[in-house]
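Chain lettering (A, B, C, D, E and F) follows the sequence in which the chains are written, and residue indices restart at 1 in each chain.
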Amino acid sequence: MGRAFLSILRRDITLAMRRRTDVLTTLFFFVIVVSLFPFGVGSEREVLRMLGPGVVWVAALLASMLALERLFAADYEDGTLEQLLLTRQPLSLLVLAKVLAHWLLTGLPVVLIAPLIGMQYYLSETAILVMMLALLVGTPVLSLIGAIGAALTLGLRGGGILLSLLILPLYVPVLVYGAGAVTVSSVAATESQPYFYLLGAFLVLSLMFAPLASAAALRISLE
Amino acid sequence: MLQVVDLACRRGDRRLFSALGFELGPGVLLHVRGRNGSGKTTLLRALCGLLLPEEGEIRWHGEDIRQLGDEYHRDILYFGHLNGIKADLTGLENLRIAATLDGDRVATEDLWRALERMGLMGFEDLPTRMLSQGQKKRVALARLVLSSATLWILDEPFTALDKDAVALLQTLIANHVDAGGLAILTTHQEVPLTSGRIERLDLGTEH
Amino acid sequence: MKVKWFKFAAPANFYPVAGWLVPVFAVLAAAAILAGLYWGFFETPSVLGGTNPQKEYYRIIFVHVAAAWMSMWLYLVLASWCAIGLVFNTRLSYMMAAAVAPTGAIFTFLALWTGALWGRPSWGTYWDWDPRLTSELILFFLYIGYIALHSAIDDTRRADKAAALLAIVGLISVPVIFWSINCPDPTQCAALHQRSSMSHMDSNILLAMLLMAFGFWMYSFATAFARLRGIILEREADTTWVQELAAKETRR
Amino acid sequence: MKEFLAQGGYAFYIWGAYGMTALLLAIEVVVLARRRRTILARLGRLVRMRGNKAS
Amino acid sequence: MGRAFLSILRRDITLAMRRRTDVLTTLFFFVIVVSLFPFGVGSEREVLRMLGPGVVWVAALLASMLALERLFAADYEDGTLEQLLLTRQPLSLLVLAKVLAHWLLTGLPVVLIAPLIGMQYYLSETAILVMMLALLVGTPVLSLIGAIGAALTLGLRGGGILLSLLILPLYVPVLVYGAGAVTVSSVAATESQPYFYLLGAFLVLSLMFAPLASAAALRISLE
Amino acid sequence: MLQVVDLACRRGDRRLFSALGFELGPGVLLHVRGRNGSGKTTLLRALCGLLLPEEGEIRWHGEDIRQLGDEYHRDILYFGHLNGIKADLTGLENLRIAATLDGDRVATEDLWRALERMGLMGFEDLPTRMLSQGQKKRVALARLVLSSATLWILDEPFTALDKDAVALLQTLIANHVDAGGLAILTTHQEVPLTSGRIERLDLGTEH
């Protein structure tokens, strides 16, 4: 079982590395969306500082969601997903491996680039640190929840946008507490502690249930 | 070993077949025949458990395959209309992953040998995206060389293959069946099948 | 007397039952709604006292609250049928779920719309990012998601199951979402909008509101069963009983 | 009557709310009825087709 | 030629109508993205009024871009695009038909729903009107420019996100003048006139060149 | 009519063939043969103008096809590994669009007749997504019935077809060639080709 998990993980990472752009594009998308706002909103320092956390989180949400669309799609189209269903491994384990790979390739880079973005929006150093932490705990939740939607919309025309319709509402709690933690940290960094407890709880819950739900959804979609 | 009881399948709003029943023992090759759209692919997918039949039951060693779940998957190998290989991985990598997921620990040498056997010498290291239609199919079929599954379910495995490859695949199937395996296949091509016991199943006669 | 309930779980048997029930519920709905409207417009004061007086526009309450209640209740019903379908694999429960969804979406939209029209005179704005309003909006998105997913898949069996799974995931998330919007700061929650005066509400108003809510409930039954009949006919088109029925209908 | 329709100057809001409610519910009922008719018509056509084939 | 144009236009609209949700999902995506911001940013009236135009335009950009990803992809995967290349019709004409269909299905609905969004962000009535006009002139430009990117990234894995990387920067001028027109209109509606001239000029330019460029890109992608 | 001069094609870093030259007059059927990966598909795509050859020239009525552009497209019909039909449209709609784009004004009745000829009676009104592998192929091939093109370029048109369909397609090709058309095709299946003048081209011998 462990070997199967690792094998899928390695496979997905290799695939992404073959097309090296894959990793970079999510990142660039995130950066571009965040950088677009000042064009639309104006570039006053106070305004941007207030907007910062919200914009970063919304952009992270969108980036994660966009990349999710392809989470199972490629495997579905070339028939490898069918084959994954027919192996002797528990499907939810394989799903977890795929989600982990996905997060390593799209979520983690976003966390790492956050300081740069924070600077664009004149955030303080504590705020930037809190933002990185919040993203670190929050983005895996996004990937896990998103996997359910990706599995459900597999192979449907216009799937990408349907997917966003289905899962963006489910992302709201993460968005609220993720952005909240950063905003509150401007008072004192410790203020954001309860936010992190909640984000952590979301992570644990989604780790437990999302792979099962995604596996069930995949079985349905491939019927 | 494989027992099909009173099976009925429906796609869309058409019922493709009903009250289908047969039993296969070891060393049998079942050739499912029928014209385009008669339900061959549907039957094969149902036999894999990928598709829930409308009625009836499929039993493996006397147990319903839905109860067996992943245990049943250990014993079968399905080859569908899609090749099930990743275009960005090389033939070797594709084969290694397939073997790992099947739970077999295979040495790299065996992988090379399997690909060589399929006539892919010199192409093992290319991303399969760069292969021709028939070469892709050969990569996918290399799984058969390594497989330890008892039941092979092959949906039109001969398309896009040239003469050499067809002959090779025939030998593979024959060896498998002679060794007590079971094979179920469909094909429209005139391919002489020469294995242990050959049975034929004709679909779509009621249509 | 022992009733074999599961007998009705077959679409063929439920079809005539539903046909029977539709007019009954329709009549009940019409009666309750008319009575509620009469009571609401003619037996209630035109100004509600208090520190912050509500003028005639408070009469929106009769549709607003009824629609808001139905929107939540119907989602619960929808998700329950979906769960039953997934567990017992009964076709009829999926059909029930699919039949309820549009009505639920309509009521959700109405709660939003009427709330907005109430908000303008009362709060001075059509929309506010108040927790209850916002979660109603999200509920609307969930309904739309269910309907969109269902209609995006044309293999009905897959559509049923996939949408059912989505509805259940949504059901689990609704409380979390509601609560997260309501308490954007985990240490203290924002106030709910006007949770207050239900207990000391004018009894005439209460009566009219309850009548309207009952009427909407009956209306939901009627439309859901009517839609269910359509769905059954569509999906069982090639069975003999439907063909006989169709032959009978066309001969008429 | 006029006074009733005016609703103390809040006619737009009240009738806006009730009007939309009435409209949507009416549309739903009409759509349901129309859909039933089309389904039956299609089934009828199917029956006739089958009948023709049999004879 | 006219018949071929109409035939493609009708085909794409029929295809979208077959899955009626297609049209609605872009719309809902737009609405959802716009509604997400207040969760991240907070819901103070003044802040939202300031953000409104920027958010609406960024959301319109993203919605248009997401839908664009599938503009040629479906035709590419099932081989119909290959066949379009081999007809006796000028390819740029067929491309124009496809873009027009795309705009009718995704851009126009966004224009029509804008007033509702404006209300969520407490915009004034003139501002809402100006926003609708600006979207009406600006969204076709987005579709036309996007088509070039869509043609270039055809068949690449992770194409969606690569696409955004290529075309979002090109969208910036439209974003700046589109959002600018709305913001400026809070002073006086006439103030926004020069913005409209510019948007109109963009539209004319992209109508002239984008179909040709897209056609050339398609030829390259299919080699 | 078709003249290939000194053609060389390369895929990736392998040169598939070079110094290929032939000339085809009216009423000729060219059967391109070769093992998997020998470059048949590559050659056919180059002949359509979809792929730029590395060297050499392809002439149609004496003119370079790159100069001819859309005019050349009027005269050819290409049928590749992909079917080129939209899964969400019905067979009828697919065929109508194909005909319109080819610039022909075709009556709906003719479309029905073409589909009926391909054995798709009763399936014309289904989205092609709901058809089996072989039925999809039949829908795609219905274009041949209506086509007014002189040069048919068919890449493995026989795969996935059942016996009836194969026979039908053979007749179609034979009629086309007998009427002075030109056809170039590849196939691995043993299909007896019985048309006017048959030429064979073997690829991959240098490999």
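We adopt the following convention: contacts are C-beta pairs under 8 Å (C-beta built on N, C-alpha and C of every residue); 3 or more make two chains touch, one makes a residue touch a chain.
The structure presented is a predicted model; accordingly, all values stated were derived computationally and were not measured.
Colleague: Sort the chain pairs by how many C-beta pairs are in contact and tell me the top one.
Modeller: After tallying contacts for each pair, the winner is A-E.
Colleague: Mind checking chain A against chain E and telling me if their interface is mostly the same residue numbers on each side, over half, or mostly different?
Modeller: Interface between chain A and chain E is built from largely the same residues.
Colleague: Measuring centre to centre with CA averages, how many angstrom lie between chain C and chain D?
Modeller: 17
Colleague: Report the inter-chain centroid distance for chain B and chain D in whole angstrom, where each centroid is the mean of the CA atoms.
Modeller: 52
Colleague: Using mean C-alpha positions as chain centres, tell me how far chain B is from chain E in Å, no decimals.
Modeller: 46
Colleague: Quick one: report the Å distance separating chain C from chain E, using the average Cα coordinate of each chain.
Modeller: From the centre of chain C to the centre of chain E is 35 Å.
Colleague: Show the residues in chain F shared as contacts by 2 or more other chains, in ascending order.
Modeller: Residues 81, 88, 127 of chain F each touch two or more of the other chains.
Colleague: Chain A: which residues touch two or more other chains?
Modeller: 19, 74, 77, 156-158, 162, 165, 168-169, 172, 176, 223 - these are the residues of chain A that touch more than one other chain.
Colleague: What are the residue numbers in chain C that touch two or more other chains?
Modeller: 141, 144, 148, 152, 155, 157, 181, 237 - these are the residues of chain C that touch more than one other chain.
Colleague: If we count contacts the way the header does, which residues on chain A are in touch with chain B in the complex?
Modeller: 3-4, 7-8, 11, 14-15, 18-19, 74-75, 77-80, 82-90, 94, 222-223
Colleague: Which stretch or stretches of chain D touch chain C in the complex?
Modeller: Listed in rising order, the residues of chain D that touch chain C are 4, 7-10, 13-14, 16-18, 20-21, 24-25, 28-29, 32, 35-36, 39-40, 42-44, 46-48, 50.
Colleague: With touch defined as at the start, can you tell me which chain E residues reach chain C in the complex?
Modeller: 19-21, 24-25, 28, 32, 35, 38-39, 43, 45, 119-120, 122
Colleague: Could you please specify the touching residues of chain C with respect to chain D in the complex?
Modeller: My answer: residues 41, 46, 55-57, 59-60, 63-64, 67, 102-103, 106, 109-110, 113-114, 117-118, 120-121, 219, 223, 226-227, 229-230, 233-234, 237, 242-243, 245-247, 249-250.
Colleague: Report the residues of chain F in contact with chain E in the complex, numbered from low to high.
Modeller: Interface residues on the chain F side: 48-52, 70-71, 73-74, 76, 78, 80-89, 93, 96-98, 100-103, 127.
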